[in-house]
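Shared between the two complexes below is chain A, which has chain B as its partner in the first and chain C in the second.
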Partner chain A sequence: MSDVLSLIIAKYNYWLYVILMMIGLYGMIAKNNLIKKVVGMNIFQTAIILFYVSIGYKTNASIPIITTADTAHGVVVRAADYINPLTSCLMLTAIVVSVATFGYAMALAVRIYQRYQTLEEDELRMRLSEE
Partner chain B sequence: MRVIAFIIVCLTGALLLYGTTEFPDWGDPKSPASLHVSNYYIEKTYEDTHAPNFVTAVVTDYRGFDTMFETAVIFTAGLGCFLLLRDFREKKEHYYQHIPTGVILHLKDEKKSLPVGKEFGYMDKEWVPPDLINKTVCRILIPFIQIYALYVVAHGDYSPGGGFQGGVIFGSSLILLAISYDLKTLVKRIKERLLGIFAALGVLIYAGTGVLCLFMGGNFLDYGKLAPLLPGHSDHIRAYGMLVVEIGVGIAVMAVMTIIYINIVSEGRHDEGL
Partner chain C sequence: MENYPALIVVAPFITGLLAGLFVWIEKRLSYPIVLTGLFVSALSAIQVLIRVIGSGPIQYKLGGWSPPIGIEYRIDLLNAMVLCLVSGVAFLNLIASYKSALKEIGDRASSYFTVYNLFITGLLGVTITGDLFNLYVLIEITSLTSYAQVAMGDRDRGPLASLNYIFIGVIGASFYLLGVGYLYMYTGSLNMADVAVLIKGSQGSSTVLTAFILCILGIWIKMALFPFHVWLPNAYTYSPVIFSRVVAPLMTKVMVYIMIRLMITVFGYDYIFNTLHLSEAVVWLATIAVLAGGVMALAQKNLKKMLTYIIVSEIGYMVGGAWMGNQLGMTGAILHIFNDALMTFALFLAVGNMVYRIEKVDITDLKGLFGKMPWTMGGFVLAAFSIIGVPPTCGFFSKWYLILGALEKGAYHFAAALIVSSLICAVLFFKVFEICFFESGSHGHEHSSHGPAVIEEAPVSMLVISGLVSLSLIVAGCYSGTIVNTIILPFLK
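Let's look at the complex of A and B:
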């Protein structure tokens, strides 16, 4: 029991992201409303973004920007002093893409509502089978 | 359905949690993600590009191709919203406001129309006068938000910031204008055609910088070859190239955010909405 507990404490960040991601996945599968599904997708994306940013973190490291004082005196830049810039880069673009996909999904939802006057999935399925 | 979903979610979560036991600890400097290429980026970025912000340098220089197509993705999202929602059909009922008196007229006959100009203006069906406090606060705040957005774009390679962030801030200032006044005010200030041109122009600036580098004898997006065209010390030329590209990204993101907002709230009619 104490093994499991120490494991959870050492890696609690991953536990949080997995829980968040599963909330998003549950929303995408179980919710009936299309907007709620899109919100679930956004929560899922947020969990992945947090996961990426957290694996780039280093203890006792600073943000990945050189201060001007360091550059002026020719101080050697050590990799352990700055957090991993690569994960931040990947997530920067992922955030923007998630906004774009969210906007497009909303546009699709507006079109579906204009045509069928509903966003509930079961009602939509009924309307489609009637046609 | 809910039970099945719950079981699937629990199984997936348990599998993922089982996988995390092999993962590096929180904040471990020796974790695999922080070993190979990321160390090169941290140690050599300043020598290579003279940009103090590693993230901007990696986004726009080392991974320039990725970011270019990322901008294209944004552009495509805006284009998709426009094509899905834009509705050019005339409305059946028209509401007008007599501007000198403020009287609102409702024209039920769809064939007749009033001349829109100094005397009459179009009016929303469910129009409520904007709240004075909201209007005043937003009117004071919007210029500062826009200045801050320009600062974030321009200082992208020196401090936290960049084209995506600055573009989103600028776009949200325009959206704030539409929320605090009404959609007509925004559409009157910035024409739809202008937004479309801006969205395309941003992508064009990015790709054009790459092609310019080709013409100057380098590789695609090799900013070092732009030295004869840009002012300043030749050491900093890669940072300047990044700035040009960031401006392109900022313009594209700003225009696309506004296009998406306008099209969604007005269902593509661009007349009334939130």
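Let's look at the complex of A and C:
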């Protein structure tokens, strides 16, 4: 039991991202309302962003800004003192993508609502099969 | 001259954005601008292909940063072929579909061209890049622009089809991104060639295994392999003609290309076939995909939707061939990327011509069409023969390689599925031919010329391209030996 517990605590960031991802996936699959599905999608994407940011983290490391300007003259920069900035940088792009997708999906939801006066998926399906 | 690889991607990108600006200044200019961009891109792609055939793979360092820190474009024979295919199809389609875009999208057409070019930029970038994260970003550019274009089609169904496409597309791309994350954790690199070197010899690592499963699963969702295909038929059916003509031949084929690239360049043959032994299971999955696509196509009443299910079936061909684990199967899969893009393009060009005149292409609406649109139907028949796999057309040759590969491996179920699928396609298309040829329209020939709903041949610009592409199916069939010997076999060595 304590083994499992220590495993969970030692790798809690992965557990968190998996739980968030499953919440998002559940929202996208099980919810009936289109807006709730879109929000689920956003949670799903955010989970992956958090995963990336967490893998760049190092214990006892600081932000990756090197204050000593004269690194060429003998001051050694140790990589272990700074967190990995690359993963956070990559996620800037992913955030842009997720914002764009989210905004566009919302716009589509508005279009659908204007056309059918509903956002519930089962009602939409009924309306579509009537036509 | 050094910068051809960059030009392939940058030309459609810049001209697309310029065209967007010109919507406010002078609307009529945006179409020629976009067309020029695609033309430059297609010419550069051909240049690059010639150079790659002549002197081997090209590495292009973006901004002068050398890999693994910078992003590099790495072009070998497979890339170069797919690049020519994508830029060529995009360019021809823009000429062929100009009138239908004006008719369907109306005054928004000039701003639509921006989205069109960004979509092509995404596809070209996905094909050319040698960087895993860059690939993800470009997949998302491709997807976002295609969501937008789907919604521009059918006013009632378009937005809903697009939203469902978004949900599944996001799951697929996110899985891929997660897989790349695991690869980065293990290797600390994002460059494909670099990652391949670093994971060599770590056969047992569960991180690499997770990365592999997530990446491949993500790409399968994006390519609409059978159990994940649900979004494809609606999205392609309800989109405007200009878009369905370019997305049907290119999107799934480029995704198959990515899968082959991940298999060969990143994870390596040895890992997939000797360590994981996945070949059997995936070939079974592909067999089911081939059959399921065909059976679902049989149930459709709308011609466009029927063709989208045939695409689902064709994806099974390529996945099965690629996972066969022998050279013949892979040759067949790569040749089929090329041939299937051409065949689907020819089919959708012909269907687009019909939509231009008839609007709603339920199969029963097509009565007597041979008499009214003889040239369009001629193109349609050639393309249909190629899908069925009648010998002089190119569809036959790739199917031949796939069947040979399956027999060599002993995967008789896959070979049988290919033959059954050919039969199903034959049944499908001859049903359409019968209605078009033997049953005359409800008004009969002599009356139809007086009524308001006269169906006549499509405009010349649409017809010429459609005819040329259909004829190229036979040309590609005759030269398929050359394609295999100069491009595919040297690539697989």
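Convention: the second predicted complex is superposed on the first by the 124 of 131 C-alpha atoms of A that agree within 3 Å, B and C clash if a C-alpha of one lies under 4 Å from a C-alpha of the other, contacts with A are read in each partner's own complex, and residues count from 1 in each chain.
Note that in this section a contact is a pair of C-beta atoms (placed from the backbone, for glycine too) under 8 Å apart; a residue touches a chain by one contact, two chains touch by 3 or more.
What you see is a predicted model, and the numbers here were worked out from it, not measured in a lab.
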item	value
Contacts of A:L25 with chain B and chain C, given as first, second, both or neither	both
Which of chain B and chain C A:Y104 touches, first, second, both or neither	both
Touched partner set for A:I55, first chain B, second chain C, both or neither	both
Comparison of chain B and chain C by chain A residues contacted	B
Chain B versus chain C as contact partner of A:Q45, first or second or both or neither	second
Touched partner set for A:I112, first chain B, second chain C, both or neither	second
Partner chain in contact with A:T93 - chain B first, chain C second, else both or neither	both
Partner chain(s) touched by A:M126 [first = chain B, second = chain C, both, neither]	neither
Partner chain(s) touched by A:I35 [first = chain B, second = chain C, both, neither]	neither
Intersection of chain A interface sets (partners chain B, chain C)	25, 55, 87, 93, 97, 100-101, 104, 108, 111
Contact footprint of chain B on chain A as seen in their complex	7, 10-15, 18-19, 21-22, 25-26, 29-30, 54-59, 61, 63-68, 71, 77-80, 82, 84-89, 92-93, 95-97, 99-101, 103-104, 106-108, 110-111, 114
Residue ranges of chain B in contact with chain A within the complex	1-2, 4-6, 8-10, 12-13, 16-17, 20-21, 23-29, 31, 33-34, 37-39, 41-43, 45-46, 52-55, 57-59, 63, 66-67, 70, 73-74, 76-78, 80-81, 84-85, 158-160, 162, 164, 168, 253, 256-257, 260, 263-264, 267
Touching residues on chain C, where the partner in the complex is chain A	133, 136-137, 140, 144, 147-148, 151, 155-157, 159-160, 162-163, 166-167, 170-171, 174, 177-178, 181, 184-185
Residues of chain A defined as touching chain C within the complex	25, 28, 34, 37, 41, 44-45, 48, 51-52, 55, 87, 90, 93-94, 97, 100-101, 104-105, 108-109, 111-112, 115, 124, 128, 131
